[in-house]
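Labels run A, B, C, D and E following the written order; every chain starts at residue 1.
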């Protein structure tokens, strides 16, 4: 006889609320008239995320390993990561809901009559909202999943909507679709690796729960564990775009609609790093001799390659993509640190980086000419003259990426490198510092273009941001500034929440 | 409110207030900036008045918790060395503002922005010298780059953005190396005595040799770039050539001092053993800087480049004095920092006036100025004489102290360094001959002499240069106890002990 | 015969799938190769379930099938969209985004 | 030395015959997927691999999975693939020439290295625990065992998969479904429209494709009574795709041309 | 030691006067020269007051000091700004202020047509102040301030007419050459501090027995280098000829009477060092000997009257330096020659200035001739100076030079012989070239080639010349009477040292000297009597050519220092750009290139991305396996 399992609905509620919101969104798609759909969908998304956030606040002191039998562990770090995802998503949703970002009719062939008519009718694919909420839900599940299958399912739950969303850009649709295809094919490829690795971990431990894997350490020889760790890592490293599994990042970041890029860059990183941290800290901690050296190497490679290649970029979205690769390298040093400080630092870094990234992509969304967004760096020349505020904010964000003191990026870097140093990984600190120097080069170059070069004739016009974009960008920027100058609240929080139940 | 905090915060408040003035009313902006910075200078002088020379511990000390997670405190406090540098910075700023009244107008941005940047920079300068928390120092050290970067890039001349970038990247590179060392130190502190950034506590750490050497290098390279020491100097001439004269004054006169200040405050205090290990190397680099900078200065065709290279030579003296590890060398180096600040300020300001009148910075474009613009020529001449350390002017005292202090420990270095004074004569007299002497070059016939504003602004600098040449005692009294303490703390004692008289 | 042979088979099929993704240009074939990889993983799961004497592996394999089905739907939808826009199913033609 | 002996027990002889028969075939089929030109052949070969795997599942006490493999995978998923292949053009064939320089040799080396390494590593694995088989787990039937796991231990994942299904559905709909941008024309509307045109040439309806053609095919234009070809007779879809044969070849030749 | 409050005023008065003249600008044009002269005269008065006060005190308490303030005090390095007036410095004070005042007076007339006369007086006062500081400073560091101060004043005055590039260059050359000497002084002070922990004369003298002879030799050699720079001694003598670019009063005051003799002062002041450092002392002798011949030889070939006189100065200072190398007695004779030389050389320079004044600033003696009858006073006073310098009794030079030659011979042995012969030879050449100057200028045919006849200078110029002539006639006798100066200086120059035995009776030396002088004069008269051309002959001996080119000193400097220096600078500029900055730039370039190269991996093909992932996974497994196995 089957015994009905009991689920801890309270602690699962933040996720379930988002799932419910997504389903509600689907229903709205089915039964709601076209005219108000977008507004309703937006309201649902915001509301759901807010409720979820409030729910997370309520359960902040609760922890449970049996919330969903054995599939989910709600612990301090898990709640922090979920809250981060929700918060960033909440900011991102304002960008997503802003005008003119998504395709009018995805099924219409680009350039066709049908598309023209759809555009004329000011149609918009409002399905993006439920898809977005599904992705958020998946991202919330990903860092708290404690068995490989839930992990895999969560991975797919947030990946599939992203594949789709990447292809739904309103303009430059061929590029957008290509981004979707690339993202999808490579994502599925990486999933296959992940699954294959999961199989070997299962073979090694006889169970797929990551606690079980940790407990099984030493039960058999390491070969299966080795294969398992490597292949599971490939799947996860792909998601955080670590070198050499990073190739999709620039292409997809460039092709996807900018708000989605923002969302992807910020939230996927949080979710994926959450999962990586949990797996490596909880599941593979006993096998650290196996993976720490290579993750160290990958971290260094990622920092260096990300920084170096970014120099050669001519497109601002691609440049930020490479910057995000470099940041993944920095974040990996938090993984390698394998201590509480490393975890706390990573949590802090994720929030700081997420906010900055959202704001940066938000601004990219504002820089447009008659044909849509302008991402060619050469046409950003003189932006600071044209629109000093936008230029200054962007410059500030770049400085934050570069890790100049008094920005959140600096505190993050400091925290994460001290954790890495603490754990004895001095090489990673040195490499991090040097690649930061390289990275500074291209951030500074963009600042020059914005401020120190005279605008040419066909330069861009910055649109006056709508209220939604304003809200989103200003919240992200202001919190980024605050975190930079007075980081102690967030640091304390990160420290308090830096705890995985093993 | 602590007076030190006041000195540091006042410019920032001023910057905020300036922001409220309408952009168009640029004269009001300038006047207000001048007022604020003058008040700061006065406050700084009160700081010196209230300073107790007899104790070597930090004064005006205060500490507020900033980032408790890392035990980072907003801790300020000054000793003699910091005090004189704060005085230097705060006194120079109003002078620069007055002297370069119109320099902000040709910039990429508004006059208002210029002064906001200057005021922010002043806060950073005070902060960097007053910080007694390593992390806080680092924050000021790095954040200071940003206003300078915009000042060079936004208001400079020539290839300004390239120069600004070079400056920024060099400094960032050094800063990041230092960051690695800061992190290392923090972690080691965490393992030994609990996480802290307090300088006095950090100085008590026991670090194994190899680690100490690496940490030392991280700090030292950052400071050597800032200072700038050969071969980390190539950013300076470019930056100085592109920056406006006022910015150059702040850049060479004050900002670069952060490098040498850092060597004393951090390299020596935190890593005495490593300092000992690297001293021969550093002394060598200093000597190379002295000679190399001088030769390069001789070869310059651009007046700003010339001043920049003379500074490189002078910074060689300063680092040599610091690492000679004698009280004479140390005090001399400290005094040199102040003196170099003022004499470079004089040189750059006058050169700036010359250049703006002629619209050129090429030395050969000038000639016969002594007869056309005698006051300007004399100002330049005196500044130049201070640059070549003529006895009776301020630089001489410090240069000689450095040389004497060095000789007692490293005679060869001192001897080679002394040869630098011949080269100094060349690099100062050649441009003086070309600009002030000889027939009046075409285009200079109707050049205007200094106006009242310019005279008022240069007069105090020249007065300081002359007075400090004959009577450096007040400043030396501030410096001496601290430098003696630095030498002792680094584990050295003077080779020539006190003679009983 | 050793049970392990199933694992070898799984590894070989996985490798073939992985390389198929690299060498084939038709996006549908590429996608099929990914399915082959998933199947290889499933075989490993089932075999390990047998070795470990529990059914977890089989459950996972079941999940994999479901997930794969969803993935196929989404993937094919994307491929069809691209095909409609470009009239080609070759992955090489989708290479505007580069450098 | 590579040690291929993995200490996880052995199978009964019939199973080994089955394995030795089917495994090489499935490997060949998988390889074939990479080598055949036509996508549809690849699909069929994959189907073959999947069926083989289903048999292996059943052989390995995973009856339920074996069935699901055939029903869901081979049945549904592969059909979906084939369907799309049809849509894309069933006989479009892949050129097997490589146009990315250096890719092929590297990938072959990588493949050999990858496979070889995996096999080597698996050969070195040890378990250190007895293999008792699934008899106990399957005591109440394989399906029951799986169901028990699915609805108790993995119930959350099971529920979450629903999100995946919804996502897939939405995705397919968004990308595939044309929202009607206007109400569709009924026959009546079309007829009215025809008569409202400037001339009544098309009033009688368009000629059916291929009616008068030498070739009886949809991609050949009809010949009008005048002997001229009528390109309008071909479906717009085919026109748009360009899958249309030049109608000139089918025109009735004029007398003068005959004589020549 | 008694103190005196007056010493500060000696320096402060001219210093303030100078500052006022410079700051007041054109407003002071009308009274600037008067104030300058009055100030100079008042310093002379103070000097006299001090001198008589000193004379009235007993010998052991004649020196007075005045501590002004603590100048530099760091650790054990303590230097007070304090002044010392002793028997040695009072000689200089009187010479400087006395001759200085006369030259101020002279300049009022000489510079009357110059628009910048006020500035000239400002510089002169600055010079007086610096020079007084030089001789009054009680430590080497204080001396150093005056030392460089006179260098600065000299620089300003040589370059007074700096609108002429050549003059500006001459000024720069003088400063730089002086700076080379200053290196010596700097180093001497450093070594002194490292040795004694003190840099004051008194402190060092007290502890001189504690220092090793190596240290003392080092200090001595460095001081000698300093002296060479300031006193235009070989090998740093080349600037002096060019320094004649300055107005003639400057040449008289600075480059004849006072500043260039500072080297002699320095060595005399440092007698306690040199007496214990025989090697350094020997070097002093050698340098002095070389220079006295060097200068004399150059003097024979110069057509520029001022340059001829400058060469003569060089040579005469060579005598003095040589004398200081001769030990305790030598110091006194050096100072004596210094004082007499101050008078007669100043008078001759002023005379030359007077000639130039009458000849429209013509300096080429080949364009003179027969001026004596147009400018009789100038000619007569010049004649006194001439007689003094060639050492005709009873003129001043006879007493002082003769003593030096005598003391040189008294050194004994080969050393004494060599020195004696060198000084004798010097005397002969001196007689030759001075006779040449006098004949070419005041006698013979008139060669100036224009109708304006030379005219005598105004009284304001002639009076100082006359007064100086009196000095050149009488000073020798006064100073040597009863060895007045020698006794006066004894407390300073270490009287404990006993005299050498006299190898030759003084009368023999005097006769020998007079003999060679007669030879020199005769040769010159033979050579330059009769009609002379108004341009220098082209076909001359190699020696003459060499002498005309200052014995190739400038060429040598140019070839060994300047040219290589220029090449070095040029190369350094390139190295800095290409190598040092280039390295930095190449780091940037490498990054950019690497970025571009890696960018090509991002070729847009999904399949190659996938391949990269496969390779990545393969690498991961291999690495772990290799590392852990």
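Quick note on the criterion: a residue touches a chain if its C-beta (ideal position, glycine included) is under 8 Å from a C-beta of that chain, and two chains touch if they have at least 3 such contacts.
Just so we're clear, the structure is a prediction, and the values are computed from it rather than from any experiment.
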item	value
Chains in simultaneous contact with subunit A and subunit E	B, C, D
Set of chains adjacent to subunit A and to subunit D	C, E
Maximum inter-chain contact count - chain pair	C-D
Chain separated most widely from subunit D, comparing mean CA positions	E
Chain occupying the most central position, where position means C-alpha average	B
Subunit C and subunit D, separation of their C-alpha mean positions in angstrom	13
Cα-centroid distance, subunit A relative to subunit B, in whole angstrom	44
Geometric centre distance via CA averages, subunit E-subunit C, whole Å	95
Distance from subunit C to subunit B - Cα centre to Cα centre, in angstrom	65
Overlap residues in subunit B, where contacts from two or more other chains coincide	169
Residues of subunit C engaged with two or more neighbouring chains	7, 14, 17-19, 21-25, 30-31, 42, 47, 49, 51, 54, 56, 59, 63, 67, 70-71, 74, 77-79, 81, 91-92, 94-99
Multi-chain contact residues (two or more partners), subunit A	106-107, 149, 153, 156, 160, 163-164, 167, 181-182, 185, 189, 193, 203, 206, 226-227, 250-251, 312, 441
Listing of all chain pairs that touch each other, if any do	A-B, A-C, A-D, A-E, B-E, C-D, C-E, D-E
Sites on subunit E touched by subunit A in the complex	588, 591-592, 594-596, 598-599, 601-602, 604, 606, 608-610, 612-613, 615-617, 619-621, 623-625, 627-628
Subunit C - residues contacting subunit D, complex	1-9, 11-20, 22-26, 28-29, 31-33, 35-36, 39, 42-43, 46-47, 49-51, 53-56, 58-59, 61-63, 65-74, 76-81, 83, 87, 89-90, 92
Of all residues in subunit E, those that touch subunit C in their complex	599-600, 602-608, 610-611, 614
Complex interface listing, subunit D residues touching subunit A	118, 121-122, 124-129, 147-148, 151-157, 160-161, 163-164, 166-168, 170-171, 173-179, 181-182
Touch list for subunit A against partner subunit D, complex	2-5, 7, 12, 19, 22-23, 26, 29, 68-72, 105-108, 114, 117-118, 121, 123, 125, 127, 130-131, 134, 137-138, 141, 147, 149-150, 153-154, 156-157, 160-161, 163-164, 167-168, 203, 206, 219-221, 223-224, 226-227
